[in-house]
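Some structures to go through are shown next.
Next come two complexes, and both contain chain A; in the first it sits with chain B, in the second with chain C.
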Partner chain A sequence: MVVYSFYIFDRHTECIYSKLWARQDRPISSGGTAARPLSGSSASSGPAVPDVGPARARPTRLSAQDDAKLVFGTVFSLRRMVQQLGGVDDTFVSYRTGQYKLHYYETPSGIKFVMLTDTQTANMRSVLHQIYVNLYVEFVVKNPLSPVEHPGGEGVANELFELALDQFVRGFP
Partner chain B sequence: MHFKSLLLLAIQHVTDRVVFALMIINKAGGLIYQHDFAEGLNQLSSNDYLVFAGTFHGVHAITTRLYPLSHQTVATRSSLSNFDRPDPPSGIEVLETESFRLQCFSTLTGTKFLLFTEPQQANIEGILRRVYELYSDYVMKNPFYQSEMPIRCEGFDRRLVAYLRPLNSR
Partner chain C sequence: MASAKAARLGEEVWKSRVDKVNAELVTLTYGTMVAQLCKDYESDYLEVNKQLDKMGYNIGLRLIEDYLAKSNTMKRCVNFKDTAEMISKVGFKIFLNITPTITSWTSDNKQFSLIFEENPLADFVELPDDGRAQDELWYSNMFCGVLRGALEMVQMQVEAHFISDVLRGNDTTEMRISLIRYIDDEMPVDDD
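And then the complex of A and B:
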């Protein structure tokens, strides 16, 4: 099982956290940050503009920020379509293309968790729920220094959350 | 003996299979066919169905672009093992929700077949392939059918219902 990337969107449709685990097989032009996984928004370094450089560099590649917008747009449209056809209680769980699989989980408070994995992966809904309960609630919501809302990802990408998430995802078989 | 039990298993799979609906979307994103075969999904107005098809067409195009690994890397890796050209990135193939499952079959010409079924099902590709056969036989070979236009072919309707209804009632 390979996890490619992970996104959190708040109820204002903003991407408050994104992380990319995708392997980097290509020669890296701008060295330095190559070996370690690149995280999107880090709270410590000022404005949280995710700059996920070399892994994303494809001729027609969008910036990571645009990617997050595309992911949100996709998820939002699919969710509405599913609700239209399956009733308001129905939620969309995942979709699969020839190359990757996207898993989706939404909390009652409207926070959306999205994970991109390889196509062989089974249902990850419970995993996303665990990330919400064990990591997000513990390290972001219960953090007294964290704001209630997270404009620009502020307060989400703290050290504990990043570390725990990374360990959690790397612990998958 | 083993084969027999496999066959039985396959038959059992067929028995709890419910096909809710079929939609066909042309390469421009327009809905050209929509038919319900069983209760289970909400009925939309014909305008909403058109919007649904258009939205799906757009989302399908976006999903081809979301793959986080660069396609180039994948291409070079596969060209080492064989000289085939890698498949172009595909959009949504299966969409799962709590109450239904949507299988999308996109032909090489860009026509999309959407099949709405029960969530717990295997081998819907087989059904879709058969539907595509019916489409080629009774729609594309119909001399009065204008391509990319809404499908109003009685023969296609009849064969489709004849093929899918027994699957549902079993």
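And then the complex of A and C:
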């Protein structure tokens, strides 16, 4: 199983955390990261993550910031669509393309967790829930130095959280 | 029955997933704080009420995440009655090991009372004997703020206030909670 990236969006629809592990075949340019607390691990994907092959030529490359916006736009629209079709209590769990699978979990407090993995991965909803319970609440919410809201990602990307998240994700089979 | 289910959940979480501290420590800490507030605001009890509510609000904003994590809540409550059950039987249970009684619903199901048979904040407490505290100070007013803050984070705007307190010589300690509205999802800003 390969995890490509992970995003957290707050209830103000802002991306408050994003992290990239293995690169897909679409390298992400380093531009426009000023407002986001991007962890620098995208370039140095560790030995645990296999190389995904040579990059194919793409017409446009997106900045990490635009990436996050697109991801949010996608889950936001999907979520609305799902609710309109299946009632307000319905949520979507994941979707799959030829290239990747997107997993989604939203807490009742409106924090949205998104993880992109390879297409073979099974349902990750419970994993995202665990990240919320064991990492986000423990290391971000209970951190007295972190603000209640996280404009621009302030307070989310602290050392404990980053370390624990990285370990957690690398611990997957 | 939602009520029985909530009670079971609260019991289970309290037993297995909560770190406990000495109740007297909580009581004394809270008491010291209220006493200090009364001193700082020179016995302006209305202001003390306000400050307690504000503190509670800030606690509530964070506490809700801990509540959701501990109780493993994946879904929102279907209606306000459900919310009341969860507040009493899960929320108060897991954080204070009490379950206030829910009562006095209005017919539109938007307002209810919580009766606190026991209140860990108010053990050993006597209100100041200056003739005003009995009428003005809501000693446990922090609870109101906590509920307001916590519910706001799950998109419910509520108003909460105490209407009686055994510390003031009333028969019961009762808090009134009214749902003002459900808050809508925020929309992403157009960045074109």
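Assume the second predicted complex is superposed on the first by the 137 of 173 C-alpha atoms of A that agree within 3 Å, B and C clash if a C-alpha of one lies under 4 Å from a C-alpha of the other, contacts with A are read in each partner's own complex, and residues count from 1 in each chain.
One rule holds for everything that comes next: a contact is a pair of C-beta atoms (placed from the backbone, for glycine too) under 8 Å apart; a residue touches a chain by one contact, two chains touch by 3 or more.
Quantities reported herein were computed from a predicted structural model and do not represent experimental measurements.
Peer 1: Of chain B and chain C, which one touches more residues of chain A?
Peer 2: Counting residues of chain A touched by each partner, the higher count goes to B.
Peer 1: Please work out whether A:Pro151 is in contact with chain B alone, chain C alone, both, or neither, and reply first, second, both or neither.
Peer 2: So A:Pro151 meets neither chain B nor chain C here.
Peer 1: Name the contact category of A:Val141: first (chain B only), second (chain C only), both, or neither.
Peer 2: second
Peer 1: Looking at the overlay, does A:Gly86 come into contact with chain B only (first), chain C only (second), both, or neither?
Peer 2: In the superposed model, A:Gly86 contacts chain B only, not chain C.
Peer 1: Touching A:Gly110, do we find chain B (first), chain C (second), both, or neither?
Peer 2: Only chain C; A:Gly110 stays clear of chain B.
Peer 1: Once the shared chain is lined up, is A:Phe72 touching chain B (first), chain C (second), both, or neither of them?
Peer 2: Only chain C; A:Phe72 stays clear of chain B.
Peer 1: Same chain A residues contacting chain B and chain C, which ones?
Peer 2: After superposing on chain A, chain A residues 73, 89 contact both chain B and chain C.
Peer 1: What residues on chain C touch chain A, complex-wise?
Peer 2: Those residues of chain C that touch chain A are 58, 61-62, 64-66, 68-69, 72-76, 78, 153-155, 185-189, 191.
Peer 1: Mind pulling up the chain A residues that touch chain C in the complex?
Peer 2: Within the complex, chain A contacts chain C at residues 11-13, 69, 72-73, 76, 89, 107-110, 129, 132-133, 136-137, 141-142, 148.
Peer 1: Under the stated contact criterion, what part of chain B meets chain A in this complex?
Peer 2: It is residues 41-42, 44, 48, 52, 55-56, 58-59, 62-74, 77, 87, 89-100, 116 of chain B that touch chain A.
Peer 1: Under the touch definition given earlier, write down the residues of chain A that touch chain B in their complex.
Peer 2: Within the complex, chain A contacts chain B at residues 4-5, 20, 22-23, 25-26, 55-59, 61-62, 67, 70-71, 73-74, 77-78, 80-82, 84-87, 89-100, 102, 116, 123.
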